[in-house]
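Letters A, B and C name the chains as they come in the text, with residue numbers starting at 1 for each one.
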Amino acid sequence: MDLTLKVWRQDGPGKPGEFREYEAKGISPDSSFLEMLDVVNERLVEAGDVPIEFDHDCREGICGTCGVMINGHPHGDQKGTATCQLHMRKFNDGDRIVIEPWRATGMPVMRDLIVDRSPLDRIIEAGGYISVNTGGAPDANLIPVPKPAAESSMDAAACIGCAACIAACPNSAGQLFTSAKLAHLNLLPQGQPERYARTIAMVETMEEFFGSCTNHGECEEACPKSISIDNIALMNRDYIVAKFKDRRKAGQR
Amino acid sequence: MTTLDAKVPAGPIQDKWTNHRFDMKLVNPANKRKYEIIIIGTGLAGASAAATLGELGYNVKVFTYHDSPRRAHSIAAQGGINAAKNYTNDGDSIYRLFYDTVKGGDYRSREANVYRLAEVSNEIIDQCTAQGVPFAREYGGLLDNRSFGGAQVSRTFYARGQTGQQLLLGAYQALARQVSLGNVKLFNRSEMLEVVLHEGRAVGVVVRDLINGEISSHSAHAVVLATGGYCNVFFLSTMAMACNTTAIWRAHRKGAFFANPSYTQIHPTCIPVHDEFQSKLTLMSESLRNDGRIWVPIDPDDTRAANDIPESERDYYLERIYPSFGNLAPRDVSSRAAMRMIDENRGVGPLKNGVYLDFSDAINRLGKDVIEARYGNLFEMYERITDEDPYDVPMRIYPAPHYSMGGLWVDYNLMTNVPGLYAIGEANFSDHGANRLGASALMQGLADGYFVLPYTIADYLADWLNVKPVPTDHEVFKEAEQEVDGRLKQLLSINGTRTVDSFHRELGKIMIEYCGLARSKPGLEKALAEIPALRDEFWKNVRVTGTEDNYNSELQKAGRVADFFELAELMCRDALEREESCGGHFRVEHQTEEGEAKRDDVDQAHVSAWEWKGFNVPQAHHKEPLEFENVALAQRSYK
Amino acid sequence: MTTTGRRQDTKPARRVPWIIEFYRSDVAKKWIMALSGVILLGYIAAHMLGNMKVYFGPEEINHYGEALRELGGDLVPKTHLLWIMRIGLTAAFAIHIHAAYSLTRTNLKARGRVRYDVPREYLAANYASRTMRWSGVIVLFFVLFHLADLTWGTTNPDFIRGDVYNNLIASFERVPVAALYIVANLALGLHILHGVWSLFQSVGANNEVYNKWRRYLAWGFTAVIVLGNLSFPIAVQLGIIS
């Protein structure tokens, strides 16, 4: 199949950028979207040009490295699919595809389609962990976890940190990511001692970088793991409870 | 040729690790902050080591070429992690896990290391659970287990089909905590390009900032390489696009011995190649073999759709050949069986390059819901890639390079032969012998990072108390920086006509053809003639566009492929030298009448470690003899 | 690229009163918007129900107006309780607006100047959710007009203080005013349609079992309010009440 690509090109952080058009001819419908870009890039190099830089790694939809805006949809318009798992058979011969990087003040473009997602690491560093040093853990079966809680925790923990939720949000809010990370730990018994301190630290760090939630639900639609915005509600409640609770007297629970 | 000393402690196998922990030197808590440690890589091994060393109080610098530590390829492991908990009451024990792993590795691993691995496996599960890894649970709230290839007990802990992801997130979170506490300094989008030695010991590294191309040096008392495996030498593999050999290869060029490079694992359940432009193969977890049945049509000319072929005309070959393990035969065994079926022209799919993995029996027996709960995400992934619904038609699978058992040679303390240079996780060679069992990679990465290296590194560091690290303006660093810079400039200046990928693809074809599932003397000799020729062409005719001072993926790839050429040559030489078949290494000259691997325990029961002697000069061959005091060497049988 | 941990570069603890520190958080602002929204929704419902008395004739509605002023009976001085309610309502209204304004600014800043080239095709966000800012502004101006029209009488030449029934008819008899009321109430409908659903998210009231009812409730509540409110100008225009 033959395609026309309109791609954002930017030479480096803070540099001006522009859209450029490329022809992608003879693409196999069985290729993945990123394989299509590989083909375009290989031809660019053969022609002596600089290839289109994009983030990618595992190409199995799990590492969360890849992610671009495809025709106005984060990761393309197939639901629950990361860019690397999107296949060209979902497009038609002759299509014009606009490829843009994620856009948000908190995630500036580093090069072409690559953005800086390190604020997500900052959010985790603020409290997205259970403080347990190596070696001090009790036998694993001493901590029973009700199966439904383990399941909902796992639903949230499936987040791959690709930032499509932020890219999709009209407010560039980081709520789905942050709430998924919080729900993963806050729903488990192991996560209780730090539950409220964690929530405050992560929410307030998130707010330093990103916008606020207006409950559109676009993030859930864009999420390659279809993580539910119910997690956002849980985060909101935990945050408010955390703010009102006397944690010294009441304990953490 | 010298004989290597692995420094395995004396005593009965059960006591070796305990005694060794007591015998090793310690660094007292107040002194730990006087030490600098560099860790390269943030996968399971790197992140867990960085977190643990940070907790202990060392100053740790950790480097990753990803934008976040959480993206390392450990994240893609699907099936699970083994531990000898015996929660299922089916007769498991540390000794049995040890025994299975040595046997699974086709008796080419170091007994003491494997025993230690089995010993700490239980602590890993405890640690990860405490960190909040959402392992699968029974209704009573306790941990669930499943069975896995190469074992007759259920000892595999899992988190849906995303166990690697969840374990890595656990380690990453522990690392993030240490970063926030200031104990660990994290450098992302930074690729290590050189190990720096001073007076024979590792004192630091040279890294390149991938965003602005800046080259910088970092010094430390010890350097730990946790940079994963090198299967991308085959171009098409299940490894992530960026996985490479550069870090361990640079260390090898500086004197670290490379052990058993030819031991690579070909995983039986990957999605078959569909066309020329494919960049990457996708793994379907081995756990699928718990419920899926593997078959091919009996008649090679059968062109009917899978569901139209009646039961009587199907050959469930694993169940036929290996009745006791059946579809759960170990990876090397089932990969070779699949290869034989395809060689007999009984392959399925448009390119006749796959075998069926059929779930219809399991769906009929357990219901679609149960299968969906167990493998839903894998089925979805399969459907995305192939456009076929595995609930209705059987999956098509084919073996693909997946894991490299070989790596830098390390002693019992996980230190290479270069003092101060450690290799952990997949980057070392130690625990899996010639074949890795399913769900053991995660176990080994975390064992090394959480429970082994943090003890053993102190034994080395204790001698360097109050010695400052070599300053980064020392000439050894300046020289290394110049070398790195010169190499990058050289790659950029060739300005030939072929892309890096075209070379990589060609190298991959040579490797999979001659050094893949089956290896032969003439084939390997052919490869050893073709690879240097291709390498020379690369250095004359590669085209790398862009500049050095900017994000430049072509330049990154070029550096990695250049190292793959040298590694490929060594892999073939190692495969040629090893005159036996064992595990992932199958020499067609050495097989039983039934086509099974035939080991030579008299002449080949050793680790081959290779010493760099210079560019285009064959490496020197060293041996570490393997002694089996606890496991009786036997022909591996899964029948 | 070097990255540093959060705790090292975090600002020293903020020395401001708790409530201000609380209000600085966007999540808290949304919570306050939800709570003030509930107060305003309660008022809207009571207002609409009270106004239904217009269908029972002038005495009923005028008596209702008087009763509001005498709220609290003999226990409090006349109109005091009403004023307390008015102040509370105004405060809720003001903080609702301030939070919305402040969050909008945060969000515009978070989104940055460079927008996507391809117009977004929204999948989950509906018309109501995306127009909250505009429907909110329309409702604000409408409320000001409504107060001037029927409370202060400044825009109503036939205004007689205390004669609710007469004022209402006099106002709604003018076609442009009736049209304005209809448009403004449709905007209010859009606003509360998203608001009622959204407030459950903001306060974190969330349970798989009843989550679907949040949408139904939003639709039901909005329908009752909008139909009720629209009935007054329409009834006057059609001459059902005069």
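By our rule, a contact is a pair of C-beta atoms (placed from the backbone, for glycine too) under 8 Å apart; a residue touches a chain by one contact, two chains touch by 3 or more.
Predicted model only: the values in this text are computed from it and were never measured.
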With centres defined as CA means, the chain nearest the overall centre is A
Pair of chains with maximal C-beta contact number: A-B
Distance between chain centroids, defined by C-alpha means - chain B, chain C (Å): 60
How many Å are there between the centre of chain A and the centre of chain C, using C-alpha atoms for each centre? 34
Mind checking the centre-to-centre distance between chain A and chain B? Centres are C-alpha means, answer in whole Å. 27
Residues of chain A touching 2+ other chains? 118, 121, 125-126
For chain B, residues that touch 2 or more chains besides their own: 179-180, 186, 188, 211
Chain C residues counted as touching two or more neighbouring chains: 1, 3, 5-7
In the complex formed with chain A, which residues of chain C make contact? 1, 3, 5-7, 22, 25-31, 103, 106-107, 109-112, 114-125, 129-130, 132, 194, 197-198, 200-206, 208, 211
Listed in rising order, chain A residues that touch chain B in their complex are 11-13, 28, 30-32, 34-35, 38-39, 42, 44-46, 48-51, 53, 55-65, 78, 80-81, 85-87, 89, 110-111, 114, 116-118, 120-121, 124-126, 128-141, 143-147, 150, 153-154, 157-158, 160-161, 184-185, 188, 190-191
Which positions of chain A touch chain C when the two form their complex? 6, 8, 19, 69, 71-73, 77, 98, 100, 103-106, 118, 121-122, 125-126, 170-173, 201, 203-205, 207, 209-218, 220-222, 229-230, 232-240, 243
Give the list of chain B residues in touch with chain A in this complex. 48, 51-52, 55, 66-73, 75-76, 85, 87, 123, 125-132, 134-143, 159-160, 162, 165-166, 169, 172-174, 176-177, 179-180, 186, 188, 211-212, 240-242, 274-275, 277-280, 282-283, 380-381, 384-385, 387, 450-451, 454, 497, 499-502, 543-546, 550-554
